[in-house]
Amino acid sequence: MQIGFIGIGAMGAGMVRNLLQAGHAVTVWNRTEARAAELVADGAILAKAPAVAAAQELVITMLADDGATEAIALAPSFLQALRPDAIHVCMATISVALAERLTAAHQAAGRAYVSAPVFGRPPAAAAGQLFILAAGPASTLTCLEPVFKVLGQRTFVLGAEPSSANVVKVTGNFMLAAMIETLGEAFALVRKHGIAADQFLEVITNTVFPAPVYKMYGGLVASDTYEPAGFKLRLGLKDVRLAQSAADAAMVPMPLAGLLHDQYMTAIARGYGDFDWAGIARLSAEAAGLPVKETLPFAELP
Amino acid sequence: MQIGFIGIGAMGAGMVRNLLQAGHAVTVWNRTEARAAELVADGAILAKAPAVAAAQELVITMLADDGATEAIALAPSFLQALRPDAIHVCMATISVALAERLTAAHQAAGRAYVSAPVFGRPPAAAAGQLFILAAGPASTLTCLEPVFKVLGQRTFVLGAEPSSANVVKVTGNFMLAAMIETLGEAFALVRKHGIAADQFLEVITNTVFPAPVYKMYGGLVASDTYEPAGFKLRLGLKDVRLAQSAADAAMVPMPLAGLLHDQYMTAIARGYGDFDWAGIARLSAEAAGLPVKETLPFAELP
Amino acid sequence: MQIGFIGIGAMGAGMVRNLLQAGHAVTVWNRTEARAAELVADGAILAKAPAVAAAQELVITMLADDGATEAIALAPSFLQALRPDAIHVCMATISVALAERLTAAHQAAGRAYVSAPVFGRPPAAAAGQLFILAAGPASTLTCLEPVFKVLGQRTFVLGAEPSSANVVKVTGNFMLAAMIETLGEAFALVRKHGIAADQFLEVITNTVFPAPVYKMYGGLVASDTYEPAGFKLRLGLKDVRLAQSAADAAMVPMPLAGLLHDQYMTAIARGYGDFDWAGIARLSAEAAGLPVKETLPFAELP
Amino acid sequence: MQIGFIGIGAMGAGMVRNLLQAGHAVTVWNRTEARAAELVADGAILAKAPAVAAAQELVITMLADDGATEAIALAPSFLQALRPDAIHVCMATISVALAERLTAAHQAAGRAYVSAPVFGRPPAAAAGQLFILAAGPASTLTCLEPVFKVLGQRTFVLGAEPSSANVVKVTGNFMLAAMIETLGEAFALVRKHGIAADQFLEVITNTVFPAPVYKMYGGLVASDTYEPAGFKLRLGLKDVRLAQSAADAAMVPMPLAGLLHDQYMTAIARGYGDFDWAGIARLSAEAAGLPVKETLPFAELP
């Protein structure tokens, strides 16, 4: 299949390599061209403009956020470059509202649009082990099956309305953020009572919470280690905001989301924006007066 | 071993049967005698007073809460009934503060005290599959090993200070309550956006949250089914309060615990105190204006 | 002065009458024409289109919210209708972000823009007793002084950047919403302890909180009377959202605003959207299990 | 009247001087004797033990908190020292629960007990301008009228149940704490948007919030000045806890109180416990990334 791939970040690079290895022809474009150029050695074709990548049978966008996605995919040049039978699949974590606008814009232009955000970090993307949440017209989703099989270990079909996939994705990320906040408060409580963090981690992940996410994030919190970031704290704020926007639009009070929002903003003000988002736990430790690895005074923050 | 067992509820009954089956002589006492009497057919000896049960080699208390535990185990008659070489193991979910008072009272009386609260519901108790969190003097814990092996699948030793085990237990229950609140808000969000609850449940428990607790509690929330209760909502409030008391004593701000506290109190005012504690999710559904199985107007509540 | 006045609601009607009485020529436009037409008897000139009202020396907009203001005042026809020396004063409660967009659009069109939101309810508007928060170019504000003197009892000049006035306005409304939530929780607490609401009201407004707003809102809460609404609860949600947007844009965590947001959404789901915004106190009373005047079951809500 | 006065702090000293000046014979006792001794020059009689002060016609206790009050006033020696016709008036800010216990203990001992906490700071105490919230048997309150007239500008009678006065007092302090938190968030928001704090203060206290408490606390927040403390932040935490205890006992969810509790605990962990309780606003400023007067790194905190 001739695939255009727009947005070559930590996730996109691995995904493109898997598509190439599966025999697809992939035309790549990235704002910072160097990142896309690295894939040429693997067989990718370098596009000089988004419209070139958009002029393929299948166009995948995997951009950083709403702003980047909107700038590319709602531009008239992009929509006009899409072939009449093309499918545009947005796999980035974008807002429900933007997914709705993309759906409407493609419908107006007579083009097929699918939302297919994913669960999984860069290593899962590189290994083709993502979980794909896909929503869009049924026949279009059927066409995409072989591609999704290359990129992920399992695809969940969430109906004909593309934004449904985005609702599930942002809700899932909200749940992760809530779990991390829970860990932060829990570890602060036990540590303040003199219990070693790794001892608590062992108990909790071998009894009620044996899930891998508890082990991974619990490990980061227990060791107070948030650098290098797997997923940056400032992106965590972005995702909490996506959940809040979806909640606000549908009139769903989410007090826990409000709490997370404030914690993430406070953490960024403390200078933790580039920590892994598990670094939100640092706030709980500090608020409890526990020693942490290092703390810059506010005065010295940028 | 000659064991006294005080507090025959849904948990205690299964535990006593396992001890009897393993060949121990168990003298049981319960405030409502009938429940204890049912165990006589299994070989238990019925005590007419707590002091009789307390006069064994090993005394296990498994009472409902702080009030019940304090009334029995801090009574002079109980402490005086303990043999010089007896061990008292409190396996109930009690406060960190009460565990500290029990430790001090036993020390003053020259008797051994161990805190050993558990993770697990009645079926796990009946199956001898509890997780036991034990803390107390090392040599005393060694003596208890064979008994713990009968009652649970694994014992975690949390140091010499008995209350450490209670800190871990109440923190674990806080984490469970936080998880349920997260589920409640998450399901309200997706349902309000037109996504079927069971579809969301399938996605979330097969991707980021494959832990059994998410499947079980997620299933209750997805089906809006909170009766009969596995663990009553009003006991959930009790446990959140235990976490808050431990946090307050150690000066650990836990905003999430505060949020849970208010949700549980509101749910009880709504008449949901006898629901399973997963019923806290009903509040999120209602606050989002979603249809729920049934809702009594406040005016008709008791 | 020749004044165009766009948006004749409960506030605008009184303001226009004061301007007419002070000798100004006022051309009025309203989406629902009937409301504007009522002012003709008082000497107003009825405009058939916003652009007619916009073609005066001074143009005042007093529309319901961001949507209505944006639809009128960012329309090319409006901007083109403004005379080269005209001043557009937006006195509505709009977002900081929209004020910034209005500033930029007027600057691009070479027209003067001022933000001048107000504190005060319809009776204050009718009596010319509003408090006016004005921001914009100093010389422009000087020109407006005589008009502001007709409309309000005092004008506060908040600098050259129009949006500064909106920041102060939305922050003030946040403070009012916070005060009402405080009253709601406080009255629930004392009532549940058997203290009469009016007795508590008397104490509190004669000791630490003698401000008129405490007396007025405290009176509504004490008597559990929220209809007819002076300012509707659903508009309260709008205003809390304005504070949150301003906070989010500037990275200011406001946990109290988050709490208010959820309370207002929950109150609307309960069917209280048309109550006075003091009706948020009903939630606290209900959550405490206190009797309230009437409660519809969720099932019967629209 | 022969009055015993126990607890000579910043409040008590002024109150005793007023009683002496009004012609009463006052026997004073304080844990740190030096403070009581200073009043001898004004005519007070120094008691060497609480029981001596307790053996007067009227006994006023004005101790720091529940712990201090309980240690003195529930001691058998105190109750036995009370004359048969004596009245014990506790004017300190104590918990509702302790007031109930004091009521019961005095009833059991056949002695009269009245709760009469106050609104007002040390200067108001010195000027005899306190507001007194009194509850107890009607005839007893009548006897106390002349004394209350010396100490305060107005007495509010809150019924026959002494603890009712404590409910009103802790609720009032909750409202003050909520107001301060509101100020903190509000000032952070406007400052982050470039508005001068004193300008905002001027607007807000001359429009919607003209109450003196807004001027005073707003002034502290606007100038980021929290030392010396009029009322210490760590006492603010104590009072928030009193409101929460009263709420918990009566099953009243108070999300705002929960938020305040966490803020005060965090502020104390930051090293602000000896600030005026208005210093809670420092947290909002810091969380918004605003410059503050000085900030110690956590590492250097005691």
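As written, the chains take the letters A, B, C and D, and residue 1 is the first residue of each chain.
Note that contacts are C-beta pairs under 8 Å (C-beta built on N, C-alpha and C of every residue); 3 or more make two chains touch, one makes a residue touch a chain.
All figures in this text were calculated on a predicted structure; none of them were measured in a lab.
> State which chains count as neighbours of chain A and simultaneously of chain B.
For chain A paired with chain B, the chains in contact with each are C, D, in label order.
> Farthest chain from chain D, comparing Cα centres?
A
> Averaging only over C-alpha atoms, locate the centres of chain A and chain C and give their separation in whole Å.
Computed from C-alpha means, the inter-chain centre distance equals 39 Å.
> Could you put a whole-Å number on the gap between the CA centroids of chain A and chain D?
Taking the mean C-alpha position of each chain, the two centres sit 51 Å apart.
> Using mean C-alpha positions as chain centres, tell me how far chain C is from chain D in Å, no decimals.
That gives a centre separation of 37 Å.
> Which chain A residues touch at least two other chains?
251-255, 259, 262-263, 265-266, 268-269, 287-289
> Going by the contact rule set out above, which residues of chain A touch chain B in the complex?
96, 119, 131, 133, 154, 156, 158-159, 161, 163-164, 167-168, 171-172, 174-176, 178-179, 181-183, 185-186, 188-190, 192-195, 199-200, 202-204, 206-214, 243, 246-247, 250-257, 259, 263, 284, 287-289
> Would you pull the chain A residues touching chain D in the complex into a rising list?
Counting only chain A, the residues touching chain D are 255, 262, 265-266, 268-269, 286-289, 291-292, 294-299, 301.
> Residues of chain C touching chain A in their complex?
241, 248, 251-255, 258-259, 261-263, 265-266, 268-269
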